[in-house]
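Structures for review follow.
Okay, so chain A shows up in both of these, paired with chain B first and chain C after.
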Partner chain A sequence: MADALTPPRQRLSKRQRRERTRKIALWSYVGFFYAFLYVPIALLIVLSFNNSDVVGLPLRGVTLRWYNEVFGSADLIRSIVNSALLGTVSAIVATTLALLLALGFRTDFPMKAWVMRMLLLPILIPGIVGGVVYLVTFGYGGMPFGVWTSTLPVHITWVLPFAFLTLFPRVHGLDPSLEEAATDLGATPFVAFRRVIFPLIKPGVIATAMFSFTLSFEEFIRTLFVIGSDRTVPVHLWTLLSDQAAPFLPAVGVVIMAVSIFASLIGFVLSAQADRGRAKVT
Partner chain B sequence: MTDDNKSRLHQMPGLSRRQILGGAASLSLAGGLSLAPNAVYAQKNGQLEVLMVNAMVSPTLKAILEKELEVKLIDGPFMSGTDTVSRLTAPGGARYDLMNSSFAFSSPVVMGAKAGAERVQAIDVSQIPNMKYINEPSKEGIGQRDGKVFMIPHSWGYDSILYNRAVVPDDDPYTHSWSLLFEDKYAGRIGWWDVAHQMLMAAGLYLGHKEPEKMDRAQLTEVGNFLIKKKKNVRTFFGTFAQGSNLLSGGEIDVCYGIVPMRNDLQKRGFNIAGAWPKEGVLSLISASYIPKESRNVKMAHAMIDVMLGKTYAQELANGSGYLSASTFAQEGLSDADKKKYGYGIFDGSVKHYQLKFPTSMNAWIETWSRVKSA
Partner chain C sequence: MLPATIWLLVFAVAPVVLLFAMSFWTSSIFGTEPDFTLENYKVVTEDPIYLLILLQTLRIAATVTLISLLVSYPIAYFLASLKGLSKTIFIIVLFLPFWSSYVVRTFVWLPMLGRNGLVNSFLMAIGVTDAPLDWLLYNEGATHIGLVYVYTLFMTLPIYLSLDRMDPNLIEAAADLGAGPIRTFFRVILPLSMPGVISGCVMVFLLGCGAYVTPQLLGGTTGIMFGNLIATQYTTTNNWALGAALSVVLILVVGLCLAIFGRRARISDIFIRT
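Our next item is the complex of A and B:
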């Protein structure tokens, strides 16, 4: 009787079965992909509140003491501030230089290929070799070591090729007729740049600045050689790791992540505004 | 677009190729040079820049130093003895007023091969009245040549085996030897520090070499083969002491190579961790101070060496960090139990130790360790 009431189960066609399998595989892949990306971050946040002297599981209650330790350490705060300021200035200078270079590289000039190679050289030099080179150069030059005297130039040099590589395709792919049209209509090159070119590449500039900030913020090995007695976050953390368990590390990680997210948010807001501006131009 | 406009576009100030590249170069120069206030390494009044083992300038000890010296102490990021001597010998000279590192490891570089080759300046011992309080064993860490003193000891550290007392009982005979770190009894519960010098020294001592730092290639091969054979007992290698401490305190491992501040930190946090006293000897090192030739505040550097041997600093160091002070003041305030716990037996001979000396062929050591790791 029951069998008579139950509608006959529809047999899936081969194509439908294949489609279903494909969907399951795709969703599984997406699930694993996001889990792989975000579970460690979520775990870091959870562990930063774990009331345990061991960095790891099991959870032993909720505490804010690791955050108290982080915010109670003047050295750690100073290193975070140093990294944030250094990252900001490096990003601004490197992005500006990269923009000027990208604009310059739109035209041909003698030794262009060689200049390009020289520009990208810092990427090819291993960090530790770069660190030694800077140490030797600044040493012979008698330059004082510190965040602003030696570390800033090193960070700019390190970040610049990446900034250029990020920005150059954007500038290179710009339709020259827009600029030419502006000039035809009487705009000076500066006005054409300010009113036409820059609004178009602004999202790229912001993305480059954010990328540069991140690269600078995380730089360790080159910094170590030239930082002198100052400290950035990576350098300070490394000294802490040298002789203690440092159970406050997840809290430090969360604070650093918060700084990065904050910087990204600013970037997204500016980028969105730039996109709206670009839409108006085009 | 007219030709005229095209040419105007590329000739206008601020956008011509030449000017763009010129502008980029100028900004580079500005970024690199103009932010440097002086090309000269200027002295800052009331500051003393030091590069020291982190524990020597912990917040409590730093406060003592700053109070007694009436100076602001700027401590550089200490990485290792190797890093410290590299900074001492860096082009342009050391950027610190006072430095310290392991005597046995650093003295060949600090003192140089012969008289006149010293990388540091002679210390005026008349400015260090507390030098008379250096205990007898620590005098081994005074670096002197032709009647001049170049290095003055202030503390001792030592490396041993740390173990979880809940798993490894104190009376286990294995705790009386480096065997605890190598042999099969605690297989799968052992952590090795991923450093050639210390690990090969420990294994060398355990295998009966009287002066492991002088092992030749054949002996190193023998030690390497032994470690490869025992590698099956190792759960993991660790690169930093933070990693080792977490593995031990989290129960991932129960036995590992460890240094004094690591044990001290774990015990302070309430973990049931102890350090073994191997009969072959703990691996000891004497930390010594030296004043680079480029020191800008020589008088204050002398004063700091003196304070580090003084009563307040020495006693706080002994109580707070786990390191042993080279000053006789340190033991005055310690009970016998504390002296035993901290390892002051090194000074009276009740704890056997062997100084971590620089190997005669470090390259061969690193090669051997690489073989162990890749086997």
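Our next item is the complex of A and C:
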């Protein structure tokens, strides 16, 4: 009788109650974590509109003058153009090289493990050394520093292992007998690739190229040491940061963040679409 | 296949070989000349600053790895427990900040922790302190916060992937067999997520050891790391040979740590992003 009168909430078993507490704890922790991720970014956005000559609080009204200053800067525009072009060329070359490697890696060949080690070397070298090593090489080799001379090969080499690791699982399952059948039927290896292999792996190739683009777009430390007097977006921000009093810095940060997130978001959507396309094929 | 291999030999292997060779060369005001001397390594071992900063770097990288692990594990667990649309949304929202360059992601902490930053304003508003605190920024603590903030995704993602692959029936089975939640976690969930945990730890530790931007922007003079010492040889003192020797030391130390802890790490877990 007493049991029937107690409200249903209290009739939860000990286990269910514990489960509920655990859920509440987890959700509150998740809230804290996402706040940790986003509060600094939100603050940056707020400060970018702050009508104050000092970066920081208190808020002194809303202004767009920092954005005017930023978009009026030819340096920033040029660095965005540089980053976009560099990212595009790096992505195309790195994806092509990664594709060659991925197709080759389907079969065993001598020294395979060593080629793999060489491929992973750029990721396993600590970041700062990754920059220094090219400064030393190109500096000693007499290569002029700039976006299209020294920076491009550095970006391609940096992006290549990631491109391979993204592409390989999508190429791996490809049956080599497809190519064999095509060549048996009289297709040249090139035609076999273009008409049989490529259509099957196209979504994966697009996803890899987009991912490579964003990696190149965001690369900083390796670029800093070899770019000379040219600027990419992250290097441009870095040079501005050495003058820490500049009141337009939050606006620069917001613009740069928006550009990179936008570029990555396009890549994400395209590669998701590509994956969906792949799911339909198989 | 062949063009890619040649590319790797020229642009990935040769530069590292040159760096290694240069660590035995001599730098003077006239430039860096080929030589075979152990002088640079002698400087590295004799001046205590290098060993000190190296140890500090390993310590910071290890602490950052541990903090990231503790911070990220529950998030990875949470993401793995979600389904459908909410899962996609939470994952995209997690990725978004990491899609911008880590220079920006480090920079956001300057207005957070600075003299007239958010933390100080908040502390003053609730009356904890009357004057802004100066010790929030430009020290080891700030370096830690910055590094955890910048690298935490590299921990969350591999753990999430290994938890997501886990068969949920295993947890139910453990509960049916009478294991409490704590026991289930330590005996079933944690061991099964170990590959992800190791991958994440290796990745964050590696990134932490090579850090330059975060300690440079947030670390002040006490929070600097080995990367800053290396960079100085190229940006200010122009001692390329010594910088090469320091780089070789860092590569060897990190390589050793990887050889010990990294054997079980799955490279593909670490690097595949989506």
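Definition applied: the second predicted complex is superposed on the first by the 206 of 282 C-alpha atoms of A that agree within 3 Å, B and C clash if a C-alpha of one lies under 4 Å from a C-alpha of the other, contacts with A are read in each partner's own complex, and residues count from 1 in each chain.
Note that a contact is a pair of C-beta atoms (placed from the backbone, for glycine too) under 8 Å apart; a residue touches a chain by one contact, two chains touch by 3 or more.
These numbers come from a predicted model, not from an experiment.
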| item | value |
| --- | --- |
| Which superposed partner A:125 touches (first chain B, second chain C, both, neither) | second |
| First, second, both or neither for A:53, with chain B first and chain C second | first |
| Which superposed partner A:97 touches (first chain B, second chain C, both, neither) | both |
| Partner chain(s) touched by A:110 [first = chain B, second = chain C, both, neither] | neither |
| Chain B versus chain C as contact partner of A:166, first or second or both or neither | second |
| Which of chain B and chain C A:233 touches, first, second, both or neither | second |
| Greater chain A contact set [chain C / chain B] | C |
| First, second, both or neither for A:34, with chain B first and chain C second | second |
| Which superposed partner A:135 touches (first chain B, second chain C, both, neither) | both |
| Which of chain B and chain C A:241 touches, first, second, both or neither | both |
| Contact residues common to both interfaces of chain A (with chain B and with chain C) | 54-56, 97, 100-101, 103-104, 109, 135-136, 139-140, 153, 156-157, 238, 241, 244, 249 |
| Residues of chain C touching chain A in the complex | 1, 3-5, 7-9, 11-16, 18-19, 22, 32, 71, 74-75, 77-78, 92-97, 99-104, 107-112, 114-118, 121, 149, 181, 206-207, 209-213, 217, 226-227, 230-231, 234, 240, 243-244, 247, 250-251, 254-255, 258, 267-268, 271-274 |
| Footprint of chain B on chain A - complex, ascending | 53-56, 93, 96-97, 100-101, 103-104, 107, 109, 135-136, 138-145, 148-150, 152-153, 156-157, 177, 179-181, 183-184, 188-190, 192-193, 224, 227-229, 231, 235-236, 238-247, 249 |
| Touching residues (chain side chain A, partner chain C) in the complex | 18, 22, 26, 29-30, 33-34, 36-41, 43-44, 47, 54-58, 97-98, 100-101, 103-104, 109, 115, 118-137, 139-140, 153-154, 156-157, 160-162, 165-166, 169, 211, 214, 217-218, 220-221, 225, 233-234, 237-238, 241, 244, 249-250, 253, 256-257, 260-261, 263-265, 268, 271-272 |
| Complex contacts: residues of chain B adjacent to chain A | 1-2, 5-6, 8-10, 12-15, 17, 20-21, 23-24, 27-28, 31-33, 35-42, 49, 51, 54-55, 74-80, 90-93, 95-96, 240-243, 245-246, 249-250, 259, 261-262, 265-266, 269-271 |
